[in-house]
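See below for the structure under consideration.
Every chain is named by a letter (A, B, C and D) in the order it is written, and numbering of its residues begins at 1.
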Amino acid sequence: MAQKKKPALAPEPTPGGKVGVYVCHCGGNISDAVDVEQVCAQARRVPGVVVARDQMFMCSDPGQEMIIEDLKSGLVDRVVVASCSPSLHESTFRNALLRAGANPYVYEHANLREQVSWVHHGPEATAKATRLVAAAAAKAARLKPLEPIRVEVQPRALVIGGGVAGMKAALELAARGQAVVLVEKSPFLGGQVAQLQELAPEGETAAAVISELAGAVLGHPAVTVYTCAQVEGFEGYIGNFKLKVVRKPPLGATYADRLEKLSKSGQGLGEYVPFVGVMPATIPESPEDFDLEAGVVVLATGMRPYQPRPGEYAYKNFPEVVTLPEFIRLQAEAEGEGDTLMLHGRPIRGAALIHCVGSRQIPGIHAENEGGYLNEYCSRTCCAATLYAANLIRDRYPQTKIFDFYRDIRTYGRGQEELYTQAAASQVVFFRFEAGEEPQVLKNPDPQGPPLLVQVKDVLTFGEELEVPVDLVVLAVGQEPNNIAGLVQQMKIPIGADRFLQEVHPKLRPVEMSVAGILLAGTCQAPFDVGETCAAAGAAAVKAAAILARGFVELDPFVAEVDLSKCTGTGACVEACLADGALSLVDLEVAGQKVRRARVNPVMCLGCGACVAVCPENAINVQGWTLKQFESMVDLIVSDEYLEGA
Amino acid sequence: MGAGKHAGKILILAEDACAYPGADATGQGHMSYSADTYILRVKASVLFPEQFYLDCFSKGIAGIIIMSCGAETPYPGAYEALARRIDRVYVLMKERGLDIRRLRLTAICTVCTRAFLKEVQQMQDLVCQLGAPGSEAAAAPAGAAKALQEQ
Amino acid sequence: MGSRQNRRFDALVLGGGIAGLEAALNLAEQNFAVAVVEKDASIGGKMIRLSKVFPTLDCSSCITTPKMAAAAHHPNIALFTYCEMQTLERRGEDLVAGILQKSRYVDVEKCIGCRQCEYQCPVLVPDAEQGGFAARKAIYIPFSNAIPQKALIDTDNCILCGRCAKVCPTQAVNYFEQPEEFHLTAAAAVIATGFEAIPLEDKVQYGQGRIPNVITALQMERLLAPHGPYNRVLRPYDGMEPDSIAFIQCAGSRDQSLGVPYCSRVCCMYAIKEAMLLSGALPLADIAIYYMDIRAFGKGYEQFYQTAQAMGVNFVKGKAAYLDPGENGAVRVRYESQEATGGVQVAEHDLVVLSLGLVPAWDPQGRCLLSTGGDKFIKTVKPKTAPTLTDLEGVFVAGAAAGPKDIVDSIAEAGAAAMEASRYLSKQ
Amino acid sequence: MALVDPDFAAELKAYGVDTALDCFNCGTCAAICPLNFEHFPRKMIRYVQVGAKQKILQQAQDLWRCLHCGLCTRTCPRQANPGELILGLRRYVLAQFRRA
């Protein structure tokens, strides 16, 4: 365009408001139904309106230039554009204001296309258009310039949890040049995956996965790892979390088994040991704590396998009943060769695998667990893991027969249905049971036979009762979230009915917690397999990376603001506030007198206005959406004063 | 319709995340509805105090439809708080002899064009039937009409 | 014009569905310049075409539109709609994509989305966006919440009457517009090309699309959408309100006789969701789901399944083997009931919905050196620790392009792919 | 209560019955079968899977109902070849009768 010279800045808006109204024809879309010239003429009578112009396409360059000129010349200091829906062009015109050197928030949009010309016809269309423009002008006259809220971000991420999710998230952030502190409660990196051997369906080893991740984490200069460490103090908000981390020796014999296994292995610090993980540092002798500041926090606190109650499927009644993770370890440590699996010196000629142990529990059918809850969810990973184990046994020990008892086979993922097909091809025999008619595990009455007998009412055999004598029963236990009650309480974050951490929205904001700046990764959110955990960790990391890389968080200025000249400190707003920590009462001294006043933390404020409605003095308002603005809009909607012939 | 058509203005509070785009979708579909409707774009209707609704009626607004996001609101807890407030507004409306059907709380999604039209039509019919706000106060308990005038 | 020739970006995203948009937004938020290449005339992918989504029953459009708008308005994102990526090759540090801009016959710079052309056009065509149950014009804006809101001409049906050109207020219609080829260069790429439903024509047992009142689940989505074709659920054959509706699960999935041995992962849940929405729309209707295994594995999915059972949806264990037309537009379903007193049964339903499985929407064969798996989806080389990595350097994959996936999992993977891509970009 | 005999399937290999365990009991074969007879042929396949030898022998006459039309084999999603299985079972049953 013509004027390349440094633009003169638009003058500061005056309190009274000099409103410019710009009405778009939209190439006939509006002007065919609405008399645009008449709207302009009537708009000029509205108090505060100093100019009203029309244009064929207000969004075109000439249209925008018209607005910019009026702002720069000082003719107007508030702008109303009456055109299509704000969803299409509100940002266009706010940018035009910016280009004019004006504040983009002294702008109001009137929707004359979607709300008028496309739905109404005849004179009433023009009358309605005028009322909408007048109402917009009334609001515009009361608009104030606003600045986006800028929060500086501490250039550091804290990752809680040293399993696959935590390590993956830490690595991704470090690779983007961010400083990461990783805090792990146990002395080991590797989490639950380190308790496995091969991973379904492709068969990568846990050793390879954990060695890769832990090696990279420990080798990366940007990642600081603290094991035996927990977060015990938490305050602040996005960009500025202040945490206290405590390192202390683990309680009693918590990790004695793993520590013993480690010492027997002869491996050193930083090396992977099966069923242990990677121990990066020695255990602290005495408690020590330190403060930490972080811009974002990634929760990767993981899961634990469901522990069956004694007697559930005869667990603990017979030594031959084990969980799948227990079996994986037994099998991995089994000695000897031959074509029959040997456990504890006994040949396993037949093994029963039972699905959905501790998962898909139904109220009224299944008994509640110790804590008085039911795991109503599917644990997602057990079907594939169980079939993988079945195939592995059939492959290595062809004389060990496998009987698989399921409710639904859920091999949903890539390469998983093949596990099911392969199990069938390897002569695994399947039985299907209904919820509430779970297989019974009994002592085999036949002393010559194997020790256990599994009875089932088999859906596949037309509901017949079948009996299978076996040497071993493996319970495919599900996943439960780790107990992180302490963190949940400190951070004030929500957990779902399933006791997993609850994201804001599974699709819109799937890795974010309701507390801004806290992200969640992996099985603390829901059961996942290793690949899915890494994807979830990547998704959490990318959100964290965006916050950290920018160095600041810019929030909409549409947040609550207290008018201290009106506030009497009733606290009603604090009571009504929906965002924990956004509003508080503070003690001030005014003219030597102690008074209480409401204070907004704009970083925490959602801008919903729940506080506005309850203030008896109307001393609190959402900037850009004040109650007075809305009231004046209603006044103009009901007024006939500026309508021609009215 | 005819004479009753312009019985009074209807104010629509359309929440920005759902109902406002829903009204846009209705417009894109060129689905016609009463021109006596005025849409205020709001972030969350929980912002408005009880008095706002009463004031609207005393200013001459004949019907108000709150088109919220329902449970899908981006502000957790806002819908419940709003519903509680509207219950209180109903009490106040009754005290003033206002037919409580003049205020309606509903949820409209971004593509709920037919639900949008239905709500508008129902309110339009009701407003035609009831007339200007306060005209039903004659039949209301004594003092109610006076209370309304004092607003 | 030459305006779009040989532009350079940090990253290319192939596919403007939910996975592509999520990946693009995550890259753009880290200040990388991103090009999104979409084959359709609007971004939004399959998700924008759905009614509501499981397990929250949110309105699908309400969740997709904000992401579409965010991508369209993002200063770091450029959208290339109605474009095919014909080639993608690595030249040293660069990935170079050969793009074909298909002709819309409408100048997008001029088109203001006013739809005057659409109103004037005399040609009515079944609208694929409404499952073929409603009509559109030969010049049209793809659907109500399409982005961009720009018209295009369907040349198969246009009769060149000239009315659209005459009525267009901005002279945007250009019958002589030629397709345009250009290059986009970037350092990294995310493939998010999504899926298509298995063609109905492949299912001999299910009538190959020739049995009246046998529809696909995607068509049912349109019947259930609040802005769908009929405003309520009617069967297409005679407009009757169906009293009995059946869903046929694994219609093409887990079936080696059809060459699709894998599980399509989403069909159980979308069928349950549609069944729930139907029982809301038609409270008196009987709804049956014929299935082998219900795969409700995601967060909240099993509870969703249990709720559907409690609502009275009838889950019938058994694969429907054969469909044929019954009396008065009914459809007969033959299956083996596994109950003790069961045996072979024939059930009649007013409307039958095929839960078709998913196949890849894009084949890299002949276009670039990306490997595919036995299932023809893009192959990933480190499915555990880096699930979005492909065998072409700097190229990542997200969503259903790497195997059937629901929206939640696609979004997570899109985040992961964006993370891997940004990590790759910062290494450069 | 019937005891499951996992060795029966192996025993049948000699008669050309070696795909019985590929079946995942979807019921397509029974539903597609023109005989329209109870759970046939899946019933026989399931009996092989759980080793219900006696049931097969007791209901052996059902095996001869099969017309060998091939529909079940063509539509089996697991390619478990039900038609061939029925033929193999006939061979097995004949051998048993001969032995008896």
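Note that in this section contacts are C-beta pairs under 8 Å (C-beta built on N, C-alpha and C of every residue); 3 or more make two chains touch, one makes a residue touch a chain.
Note that this is a predicted model, so its numbers are computed, not measured.
With every chain reduced to the mean of its CA atoms, the largest distance from subunit C is reached by D. Computed centre separation for the pair subunit A/subunit D is 51 angstrom, with centres defined by C-alpha atoms. The centroid of the Cα atoms in subunit C and the matching centroid in subunit D are 42 Å apart.
The geometric centre of subunit B is 69 Å away from that of subunit D, both derived from CA atoms. Taking each chain's centre as the mean of its C-alpha atoms, subunit A lies 25 Å from subunit C.
Shared interface positions of subunit D, i.e. residues touching 2 or more other chains, are given as 24-25, 39, 78. Contacts with at least two other chains are made by residues 87, 409, 421, 460, 462, 464 of subunit A.
Among all residues of subunit B, those that touch two or more other chains are 21, 28. The touch graph of the protein chains shown belongs to none of the named shapes.
Across the whole structure, chains are in contact as follows: A-B, A-C, A-D, B-C, C-D. Residues 58-59, 61-62, 65-66, 144-145, 225-227, 231 of subunit C are the ones touching subunit B in the complex. Residues of subunit A touching subunit C in their complex: 26-29, 57, 87-88, 91, 164, 168, 172, 175-177, 199, 202, 204, 209, 212-213, 359-360, 362, 376-378, 380, 408-418, 421, 459-460, 462-464, 496, 498, 500, 505-508, 510-511, 525-526, 530-532, 534-543, 545-546, 549-550. Within the complex, the subunit B residues that touch subunit A are 9, 11, 20-21, 23-24, 26-28, 30-33, 35, 38-44, 46-50, 52, 55-56, 59-61, 74-78, 81, 85. Across the complex, subunit A meets subunit D through its residues 350, 401, 403, 409, 420-421, 424-425, 427-430, 432, 455, 458, 460-462, 464-469.
Residues of subunit C touching subunit A in their complex: 18, 26, 29-31, 53, 55-56, 58, 63, 66-67, 69, 73, 112, 114, 116, 149, 169-170, 254, 261-263, 265, 293-303, 306, 317, 338-340, 342, 373, 375, 377, 383-388, 402-403, 407-409, 411-420, 422-423, 426-427.
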